[in-house]
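In the two complexes that follow, subunit A is the common piece, with subunit B as its partner first and subunit C second.
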Partner chain A sequence: MRTGKFGKVAIVMLIILGILFTAGCTDTEEVTEDTGEDTITVGIMGPYTGGAAVYGNAAKDGAMLAFNEANLSNVEVIVEDTKSETKEAATAMNKMVSVDNVQAVVGDLISAATLAAAPIAEQNQVVMISPASTSTDVSDAGDYIFRTIPGDDGQGIFAAQTMSDAGYTKLALLYTNDQYGNGLATIITEEFTSLGGEIVAEETYEAGSSDMRTQLTKIKDANPEVVYIVSNTPDSSVALLRQVTEIGIEADIYGSEGLKVGSILELGDSVEGITITSVSPESEEFKQKYMDEYGEEPPAFAAQAYDAATAIIMAIEDGATNGEEIKDKLYEMEFDGASGHIKFDENGDVEGGYVLVEVQDGAFVTLEE
Partner chain B sequence: MIISAYQTHIFILIFIYIILAVSLNLALGYTGLLNLGHVAFYGIGAYTSALLAIEGMPYLAAMIIAGLFASVFGYLLVTATDRLKGDYLAMATLGFSFVVYSLLLNLREITRGAMGIPGIPKPSILGLTVRTNDQYLIFVLLICAISVFIMYRIVKSPFGKLLEANRDNAVCLRVLGKNTFGLKYKAMMISAFFAGISGSLYAHYITFIDPTSFYISELILILTIVIVGGLASIKGSIVATAVIIYVPEILRTLDLPSSVLGPVRQALYAAILIAILMLRPRGIFGKVDLE
Partner chain C sequence: MSLLAQSIINGLITGSIYALVAAGYSLIYSTNNFMHFAHGISVVAAGYMVYWLFTLAGTPFYVTCIITVILSALFGLAMYRLIYLPLQRKGASNVILLIASIGILTFFQNVIQIAFGSGVKLIGYIEVAKGITFAGITMTLLQIVILVISFIIFIMLYQFMQRTKLGRNMRAVSNNKELASIVGINHIRVSDFSFLIGSGLAGVAGILVALEQNLSPLMGTNLMIKGFTGAVIGGINYVPGSIVGSFLLGLAENLGILVLPSGYKDAIAFSMLFLFLLFKPNGILGKKEGRFDK
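Let's look at the complex of A and B:
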């Protein structure tokens, strides 16, 4: 019985402690509101644990690089983990908005997380700039929602036009059954058919799986002239390309940037001539800066996060003090960032540039566009 | 409002999860059905309600239908797993979770697949729209109180005692001339109904859902709540929900460098859960062991 009582008391205390803890935070919020008119809090949110942690940390490092460089005395940066879950993203956004009183946020990466947090940001007039969410739904998420990576429609249209211009008329699609794969495939299908082409096969696979023989066999039977592959994990990319050779698909292979990983080059001759559509690479200047700071080449989304942070910094330097003013400045600004030219359109999207990358003699070669 | 918007948000989540956890406890703790398919009912409820509301159905109707629809799946699940017990039932119901996840992902014409459903309308009842989080908190609290009260009355009723008897000794109960299959059906359908209701509350609160919101990590979360709170204890599930949703939020305020905060938070959270179960192996208010 004694332990029973002890247990109950401990739990009740834990809860009270929790309430006091967060209540304490509310107090500090009021203090900053009263005294610190000058301090503007900016948040960074993304997945730092869980499946997408690699991308999340890269984006955080990229954004922090910009904030450290600018070293603004009136800007305070806070970081929140969202574990790539929608619920966590909503919680993190709520916390940053009401406890830390943030005015702008760099994040989230995963489109689903961004879409879950966006209504909260919009309602509280907090600017949100995603460095990685490419879903077309993000365009319509609200006035305060921006991104520094072009949406799926950009890459999809670019890929469809490139393949159409190269004279292909029979296309097969193989893509991951997730937000990214579906988004891209939908746009490519629309654009390619409107350019007079035909989609002869459309197959999906679960993200992270390594056996696509069934799908590839079906694609082979449909006899396409070209296959477009959407993959976003290195393991799947390698497995896929190996199986393309194994099954003996004669068609030319195009793919999204997920194929642009060093490990596919180990497959040798069989990957020669593969063409990859990719967002324009980061600037050499940024690459150098990132390497000096972190000792490795910038991973995906680091440059986009750097640009998102830069945009917020520029708005603040320009005199913006709250979310609404930052938003207005963002729609006006234009600059050459680490990931390319940044100019937000009326949906808060950037146009972005794309390049074609081809595997030639065992290396990725960027073709002139 | 005396509490911040952040706390309001946490409390809303806690009340939604209380319904979810108590309803799982009804099947798992009281009836002894090792059901790992509960998260699927939650997802079915969320999607049903979201899709109906987008089509223009009044919120209350959409919520009830979401519960009923989840309930139908509860019926189907028991039909399919009728003869299974214990671990075998656990495997089969886990399979059910995977199947529903896969359906949500692949029935693209209906669910938009991996793209998820954005812009789910906030509930509107008799012309009054629940707009702010404060209003939503009151609304959720109300639904939560009603749901838990109904489930409390069920487990305290003679019917509830039969459920517990079925868990403890089904053979004996059958000898006494009771229909144990019927009991399982009823328990699972009630449990699924309330899971569907909580799914609906979640969907209309966050206003965006996608299949990954109703998958393994959610399943583990609600199972943890029920086990930490104690099987066959409504009080336990309620307290455990508050603890399990609140503790990670307290850990957010730890003063650590951002590079280690995420992992440290997870590790501490795990340590706290293990500590609770070491001190009280049957959960905080648990009275029974599951065979």
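Let's look at the complex of A and C:
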């Protein structure tokens, strides 16, 4: 056969690299030596590849910072990539429950992914604390499901009130066609109309897509005074804001916290003056710690993940040894975390606060409230 | 009125990007008769090549474009010579080659992610500004350039396929590989050229996509699915057909959501794909003796 040796070598290399890559995905990061019988396994899950990877990695870094700091001798941490996909979240949770015997998990980030994994966690009495899932449905996901970020009701009501207070009456909504986008849009619509405003256009797009020209054309045609954009992937955020300028929408632009990613600043002058509703910023102390460790400012959700990990650590330090005991401790605890005051209510939610962030001179500036 | 006109233009812009992907894909399909899904990664790799050479290394833009197209063409040839051809020589069926192509796509998506990170990359060659408004239609200069370049390329491609010896050989192999071999056409050589030209086109598509949209490692899958859909609609084994099909797809998506809620955009595309696969598998312009019904 004339198949060159090189061809065969290349195929073998591809296979080996493939195996290495897959192996690299489920790396076990042991914090300390396994001390035997009473080791408690804690998981971190989130999108480390795929569309939401930027947020996932930030959250993982934030959580790892807390675990490394606490350096508990009886805790082992494992990491699972859920690839920004709902079904992967269920798979990862199943694996962690049945193979690794985890008692508590920090994650997932995407609301739909958290909700897919939640029933498995609930059934197996495993605590789940999401640092980023803001869908209102997460409140009712179960006793074992917590989050360190306030739900969409908070952000939606805050956004609607802010825009109404600023004197806008004609609002256009553009949001991702998923749990997060639909949830937030519903709340804004209810609140904004009850405040006397009018929704003049409502358009959706698939998360991660980068062509929204016709949606924006329809919005332009409806002549709104203000457009509120809900985005949770950087791809779409950048594409959207670029096309808003290119199509020539004159209305003021507001957006959800998903727009607060560094890459939109590269769009230059065209994003000046965009206003983003965002959860209250992380504490200066955490910011410093994160910068010392990773050499950059903490991206969105890093502080919330740090707090989620801290809550689990505090419960374990307090003597909890399994999921059920951790859950009970969580409902009792109260502390000032990196992202704000943490006190879980009966739904496992935190209250949190919001601020407005504006793009000024190519940087995100938090406006004084 | 301007809403309709603007949507038609939006559809043409989207369609031209789909068509650039579909043209190369369909050229490779028609001569090789297997699904080269890794074509999507050629487009993405070209986009990242522009980012690397132009944005990071500061190479002049036109030099960057030339290097990118040449490297893309060679990248395509390498995929054929190092992976597909050895598999074919071992007697691999087209299904195996399809799986191999998905493997290549996934593999290089991850390589790009490791090399450049998962964040969004912007080329930054053209400053973002409001487009030119003419008769109620707003278009940026780049979008006009994209439309013009795609039309020029499609005309050149058509002429090449019809007029040159190599083009005729490609059509001959596409039509009937055995018969072409009997009359002395070396089908491996023809395949070499189809991968070179098809992937070179992917290079052009990559440059334009990088300028018009942004870069992210996983964008190849979506581009490939839309390019494939466009190709099926127009006729996957006939290059001009797949170009027409891609424009139709772009128009259908953008005009469709004028009437339907915009969440149905992808549903429109896939409904069209299913309808064509069921009722007209050779597409609008595809040849009757196409492979789908064999």
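Keep in mind that, in the parts below, the second predicted complex is superposed on the first by the 289 of 369 C-alpha atoms of A that agree within 3 Å, B and C clash if a C-alpha of one lies under 4 Å from a C-alpha of the other, contacts with A are read in each partner's own complex, and residues count from 1 in each chain.
In the analysis below, a residue touches a chain if its C-beta (ideal position, glycine included) is under 8 Å from a C-beta of that chain, and two chains touch if they have at least 3 such contacts.
These figures come from a predicted structure and were not determined experimentally.
*Asks:* Based on the superposed arrangement, let me know which partner A:Y205 touches: subunit B (first), subunit C (second), both, or neither?
*Replies:* second
*Asks:* On the A-aligned overlay, A:T49 touches which partner chain: subunit B = first, subunit C = second, or both, or neither?
*Replies:* In the superposition, A:T49 contacts both subunit B and subunit C.
*Asks:* In the overlaid three-chain picture, which partner chain does A:N177 touch, first (subunit B) or second (subunit C), both, or neither?
*Replies:* both
*Asks:* Figure out whether A:D235 sits in contact with subunit B (first) or subunit C (second), or with both, or with neither.
*Replies:* Only subunit C is touched by A:D235; subunit B is not.
*Asks:* Does the superposition put A:K289 against subunit B (first), subunit C (second), both, or neither?
*Replies:* Touch status of A:K289: no partner.
*Asks:* With the two structures laid over each other on chain A, which partner does A:K329 touch: subunit B (first), subunit C (second), both, or neither?
*Replies:* Neither: A:K329 stays clear of subunit B and subunit C.
*Asks:* Which of the two partners, first being subunit B and second being subunit C, lies in contact with A:K95: first, second, both, or neither?
*Replies:* In the superposed model, A:K95 contacts subunit B only, not subunit C.
*Asks:* For A:R147, using the defined touch cut-off, is the partner it touches subunit B, subunit C, both, or neither? Pick first, second, both or neither.
*Replies:* neither
*Asks:* Is A:K260 touching the first partner subunit B, the second partner subunit C, both, or neither of them?
*Replies:* neither
*Asks:* Overlap the subunit B and subunit C contact sets on subunit A and report the shared residues.
*Replies:* In the superposed arrangement, which is not itself an observed complex, subunit A uses residues 3, 7-8, 11, 14, 17-18, 21, 49, 53, 57, 177 for both subunit B and subunit C.
*Asks:* Help me check something: in the complex, which residues belonging to subunit A touch subunit C?
*Replies:* Touch residues, subunit A against subunit C: 1-4, 6-8, 10-11, 14, 17-18, 21, 49-51, 53-54, 57, 177, 203-206, 208-211, 213-215, 217-218, 221, 234-235, 237-239, 242, 245-248, 261-263, 266-270.
*Asks:* Touching residues of subunit A toward subunit B in the complex: what are they?
*Replies:* Contact set of subunit A toward subunit B: 3, 7-8, 11, 14-15, 17-19, 21-23, 25-26, 29, 44, 48-49, 53, 57, 60, 79-81, 83, 85-87, 90-91, 94-95, 97-99, 112, 115-116, 118-119, 124, 135, 137, 140-141, 177-179, 181-183.
*Asks:* So in the complex, which bits of subunit C are touching subunit A?
*Replies:* Touch list, subunit C to subunit A: 2-3, 6-7, 10-11, 13-14, 81-83, 85-86, 89-90, 103, 107, 110, 113, 118-122, 124, 127-131, 133, 138, 140, 213-214, 216, 218-219, 222, 253-254, 257-258, 261-263, 265-266.
*Asks:* Across the complex, what residues on subunit B touch subunit A?
*Replies:* So the residues of subunit B touching subunit A come out as 3-7, 9-10, 13, 105-106, 108, 113-116, 118, 206-210, 212-213, 217, 239, 242-243, 246-247, 249-250, 252-253, 258-259, 261-263, 265-266, 279-280, 284.
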